[in-house]
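Following: one structure in structure tokens, then a few remarks.
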Amino acid sequence: MSNSNTTDQRAGLVVSAHSADFVWRSAGAIAVHAALGYRMKVICLSFGERGESAKLWRKGDMTLDKVKSARKEEAQRAADVLGAEIEFFDVGDYPMRISDETLMRLVDVYRELQPAFVLSHSVKDPYNFDHPLAMHVAQEARVIAQAEGHNPGQKVVGAPPVYAFEPHQTEQCEWVPNTFLDITHVWDKKRQAIECMAGQEHLWAYYTRVAQQRGVQAKRNIGITAARNIEYAEGYMRLTPSVVGELA
Amino acid sequence: MSNSNTTDQRAGLVVSAHSADFVWRSAGAIAVHAALGYRMKVICLSFGERGESAKLWRKGDMTLDKVKSARKEEAQRAADVLGAEIEFFDVGDYPMRISDETLMRLVDVYRELQPAFVLSHSVKDPYNFDHPLAMHVAQEARVIAQAEGHNPGQKVVGAPPVYAFEPHQTEQCEWVPNTFLDITHVWDKKRQAIECMAGQEHLWAYYTRVAQQRGVQAKRNIGITAARNIEYAEGYMRLTPSVVGELA
Amino acid sequence: MSNSNTTDQRAGLVVSAHSADFVWRSAGAIAVHAALGYRMKVICLSFGERGESAKLWRKGDMTLDKVKSARKEEAQRAADVLGAEIEFFDVGDYPMRISDETLMRLVDVYRELQPAFVLSHSVKDPYNFDHPLAMHVAQEARVIAQAEGHNPGQKVVGAPPVYAFEPHQTEQCEWVPNTFLDITHVWDKKRQAIECMAGQEHLWAYYTRVAQQRGVQAKRNIGITAARNIEYAEGYMRLTPSVVGELA
Amino acid sequence: MSNSNTTDQRAGLVVSAHSADFVWRSAGAIAVHAALGYRMKVICLSFGERGESAKLWRKGDMTLDKVKSARKEEAQRAADVLGAEIEFFDVGDYPMRISDETLMRLVDVYRELQPAFVLSHSVKDPYNFDHPLAMHVAQEARVIAQAEGHNPGQKVVGAPPVYAFEPHQTEQCEWVPNTFLDITHVWDKKRQAIECMAGQEHLWAYYTRVAQQRGVQAKRNIGITAARNIEYAEGYMRLTPSVVGELA
Amino acid sequence: MSNSNTTDQRAGLVVSAHSADFVWRSAGAIAVHAALGYRMKVICLSFGERGESAKLWRKGDMTLDKVKSARKEEAQRAADVLGAEIEFFDVGDYPMRISDETLMRLVDVYRELQPAFVLSHSVKDPYNFDHPLAMHVAQEARVIAQAEGHNPGQKVVGAPPVYAFEPHQTEQCEWVPNTFLDITHVWDKKRQAIECMAGQEHLWAYYTRVAQQRGVQAKRNIGITAARNIEYAEGYMRLTPSVVGELA
Amino acid sequence: MSNSNTTDQRAGLVVSAHSADFVWRSAGAIAVHAALGYRMKVICLSFGERGESAKLWRKGDMTLDKVKSARKEEAQRAADVLGAEIEFFDVGDYPMRISDETLMRLVDVYRELQPAFVLSHSVKDPYNFDHPLAMHVAQEARVIAQAEGHNPGQKVVGAPPVYAFEPHQTEQCEWVPNTFLDITHVWDKKRQAIECMAGQEHLWAYYTRVAQQRGVQAKRNIGITAARNIEYAEGYMRLTPSVVGELA
């Protein structure tokens, strides 16, 4: 493995607590940027094997390994549909615990990938403590990857913006979407990725409606007079400031 | 006066409570966008004649009219330097009061100008109650200008993003800069505009340092590895969500 | 008109800024309580004639009176469907202004109705300044109606809980649903009321999806083990504390 | 009346929405500073005649004038006990409305008194809209009194710190006590002033307990090892920054 | 031990950082629900042996074991008075540390007890870091107990509401009581439980006054016109949304 | 080592995450209090060897030990200039991890020093996770040092106020300066200490400007009419309430 992304290809990083989170919350962004030529990489910290696989467990005759294997296969297929690389850290869920070794493994990903932006969970989520932990490790790894004294000689990372993707119950999580991404042109891919998640079929319609609602809101925020139509969107909470050359 | 900005020229609107506010806080943005070909328009709601002209009053033999006249001249010169139009509403200050007539006059400006973005004060400012009022009227006028039933037949405005420029004591005002604008290439113009404000010379060095500090912070937020140098910047708090096609 | 609700019938009050707001946001609550035997009363402060009747204005050959009349008729039909009384204050919109006379008219409604609960808009709404104003007047009238020295001799009101119903872009409004109302059994009535709003057909599907999303969330908040099924719900932000005899 | 407090006597200003508020919430501070030689002045914006005189109204055969007169007498006696001047603006309550004339009358008080500190209500109070209004006018008048261009020639005021005294339900008002004032040595005077409020006897015990609770908390915040005993205290939320020469 | 609460008896869980916390803050709730037939269970994570037993340590000739033993006895007696079960985890205090083993032990309690509601500390407490940690573990254990993949085969828990009971200095802890529980009819039991806490006699009067103040506030929040009298109450901050069938 | 500061000398404690933080952020306070006769002690938890020594690492031929040694020498010289003791805990940075052993070592410092006030980092800092951790351990150690049951027999500490010094990007850190310390008379010493930080020369001008800006703001907060001149100041966010005998 080389120490850095030596090509000129831009890249994006998604840090997902459980193996399906990246699909519900950011499959549109992944497909949009893959289409733009970005190298997109998803890190699944766990499979969500204990906390987010109720349907599988109810089948009977299940073991942790069988659940993990089924979840891994679903996530891999979704990543393939979206045109993303995917890597499974398998650190366990409910509760998730992040060792310094795991943290450093993620720092290595940053150093190698040199992402132009990072997506992860909301900073707060009273319904799911694995989610904020994933965002925390995503941010902590980013800061370490910026440090000149960490593995001196490697190329340090710049200041990729960090976005929190949409949690299940946004208002309880103090998550406010300050950025809408138009995903209308890649909606078919997102829906296809969603349908890979056989174990959580009850969420398909839910997250389709989320995309529709965010589409309506995005349209409203560009103004009803704008020519552009938006049918599906994803909301993001950008945590880091923008540096711009124009305000319109 | 025609009812709408019929050319293709993009435009920007600045709503300033007192006649010098737009200089300290957004002269860089005005010069940047003027250089980009925008039509920039500043509305000064008052001259700051009672509350922000201490040096003039101390000269002795002063009247309200003399102070207003001196302040108007300074502001006009600053606007000329920056390449902006300026209009004075002369509604009075300390305390500022906004009648519905004034509100509707500002709605007319929106309809005619069709701004692509709007700049005004912070939403809160415990040191100056005129400032949040100016932002409130800027936002209220924007919403009315969007309404189909207001002066039907006129072209309604879209959804121009609203930014709060930097207040004097940022933290007391709950103002957080989520957007930095690089003004390095127009710094000379901003400094020249600042120096038009003869009545508040004690603030020249203060706002020069503000621009330098924001420059350092902007540089940090694009990452130390970025090639681009930023020496001077202005911070803005964007209040309205962005709708984007790419997250990097 | 008598000074107080002398019967034992419980009552509920809805204060709606524009004539359709009560439908999108609280038609379920109105139908639920009407079915429980409550006397439900809706106050429409305005018809939303200028700011929320875009479709009507685009028909051409429109006047303010025609728009108001069309909007009134729609709202009256919706109220009829839901089994509610409705009263139109016609104070104008975009911008809404509330005189002390209007405030006192609302105080009279409180005194006469003696509501057991009150519904109105979110306390903040950067997209619509009429909305928070409606909530403010709803709260201010409530406090005056509690005062012994206001129209001494009339029966004062108790401390009816105040709820903010769901705004269009919840997160931008700092609105957090701490209360979900199951409206599954009255959904047909809500949908029927929604369809009375011919002038805003683009919102029918949007608010149907809102009800479905809140239904899923309500179900989650009673636990997946609960027997009760919830398909449609409305979210509310209760602003006043509960006083209870049991915590489960 | 002279334009300024020409003696060297330091002064303190209390802006009270209703005629009893200053007693429950700041009688201790008034007595403490009177004992220290301060000239203490209380402005009662209203008598609380409509909203806070329930007991009087229930006596029967009451008129607004009779209630106001009884309330005035109580407040005057309490001010006498505490060693404070008191002035009644009589602007009405429930709802309170502040004209620019009233605002300017308060500005005159600032200019004449030159207060070293200002006490008023919490910035938010969902149970009482007169309270935040009183604080707002107290702050707005302070800023105008600082303006060189307001009545040029008069001595402007400096930057007296502003404190919010304790509201009835602190947590609902987002009021946080960052300053505790020891009132143990003047407690007798505060209790005596409290007992002047014959119309609200149900609050005597309540505010005695408030003083005891704040006393315990103040003691805790100086540390259990401190020699000083504190039995009674008042809590304040200081809104303006301190400028100090030592941090201990 | 069976895996689940197989009877129909409803249950309530209290997670107390130190062995006296549950008394000051929730003895009323325990007694109220015990009287309603609930099985009430208190988990004391520690005895507060190092940080909250000052009086015992000052006796001289003390050891950690003696202090723990004295504290345990007091807490057991209080639980007996209130009709609650009590279990001591003895994890240590000042600082408290929670191992995953302890977490899982608490998950087992959830699974066995199947609580209908949960009480613990405020989410923030700058005066005591053990308190927020106790709430965190109470919430984290709840979420794990809901996971189908944790100990498959056991009955998962539903979504019991979580309440934060009252901390010592509420405002510093950002704790806002949105729920008041009337404890007037069980006050004698609460006072009796309080008097079991011989080691902290200085707090008896303090928490008696807390109950009286909350009683006055609860009364105010049902309205002065309500027939019901409330003399003593406990305040709670409900963290999880309610799902209701009626809003009054 | 004796168990307590037996002299009457007052003391102040500074907890610095990295070895230069105390200079940029609190050198003025250290010099001010040293001049007042305080014993000032700085704890450097790490040298900032990995994350804040970019210039050193770029020199080539560097090792972690060489960097640490260079950083230590700089910090020691700065402490000497300021008249402070300094102790290095060397726990590592980026990421910093605090063991219970380290925590207890800091508790010992509290017990021995008996500080009259404590300075550390802001509670939140999204750019640097070591900073909030340092503040957390400073607060946690303070609470343990207050506990009678921790090392019984030692003198417990009182309730020294805790201040957060100024972070790099204040608004992103939700840091609000409620206290300004005039450092005009010791500015030369602060600048001299700053110039000891050879490895971060790019920050010299930045923090000089910070001191100037805070000086202007401090001056504004005592009022333009005040005789006292302030040219340089440091801002602090006091986290713990004040207990005072006078409000002016």
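A, B, C, D, E and F are the chain letters, set down in written order, and residue numbers restart from 1 in every chain.
As a convention for this text, a residue touches a chain if its C-beta (ideal position, glycine included) is under 8 Å from a C-beta of that chain, and two chains touch if they have at least 3 such contacts.
Just so we're on the same page, UniProt names per chain: A, B, C, D, E, F = PIG-L domain-containing protein.
The structure presented is a predicted model; accordingly, all values stated were derived computationally and were not measured.
Would you kindly state whether over half or under half of the residue numbers at the chain B/chain F interface are used by both copies, giving same or different?
Mostly same residues: over half of the interface numbers shared.
Average the CA atoms of each chain to get its centre, and name the chain whose centre is farthest from that of chain B.
E
Have a look at C-E, A-F or B-F and name the one that copies the B-D interface, over half of its contact pairs being the same.
Checking each pair in C-E, A-F or B-F, only one repeats B-D, namely A-F.
Go ahead and note the Å separation of the Cα centroids belonging to chain D and chain F.
Comparing mean C-alpha positions, chain F is 37 Å from chain D.
With chain centres taken as the means of their Cα atoms, state the distance from chain A to chain D in Å.
A distance of 53 Å separates the two centres.
For chain A, jot down the residues that touch at least 2 other chains.
Chain A, residues with two or more chain partners: 54, 127, 146, 172, 177, 217, 220, 224, 240-241.
What are all the chain pairs that meet the touch criterion?
Listed in label order, the chain pairs in contact are A-B, A-C, A-E, A-F, B-C, B-D, B-F, C-D, C-E, D-E, D-F, E-F.
Residues of chain E touching chain C in their complex?
Touch residues, chain E against chain C: 10, 12, 29, 32-33, 36, 38, 116-117, 119, 146, 155-161, 163, 177-182, 217-218, 220-226, 230, 233, 236, 238, 240-248.
Any idea which chain C residues touch chain A in the complex?
54, 127, 168-172, 175-177, 205-206, 209-210, 212-213, 216-217, 220, 224
Using the touch definition up top, name the residues of chain A that touch chain E in the complex.
49-51, 53-54, 57-58, 62, 64, 67, 94-95, 97, 126-129, 172
If we count contacts the way the header does, which residues on chain B are in touch with chain C in the complex?
Per the stated touch rule, the residues are 100, 103, 139-140, 143-144, 146-150, 152, 239-241.
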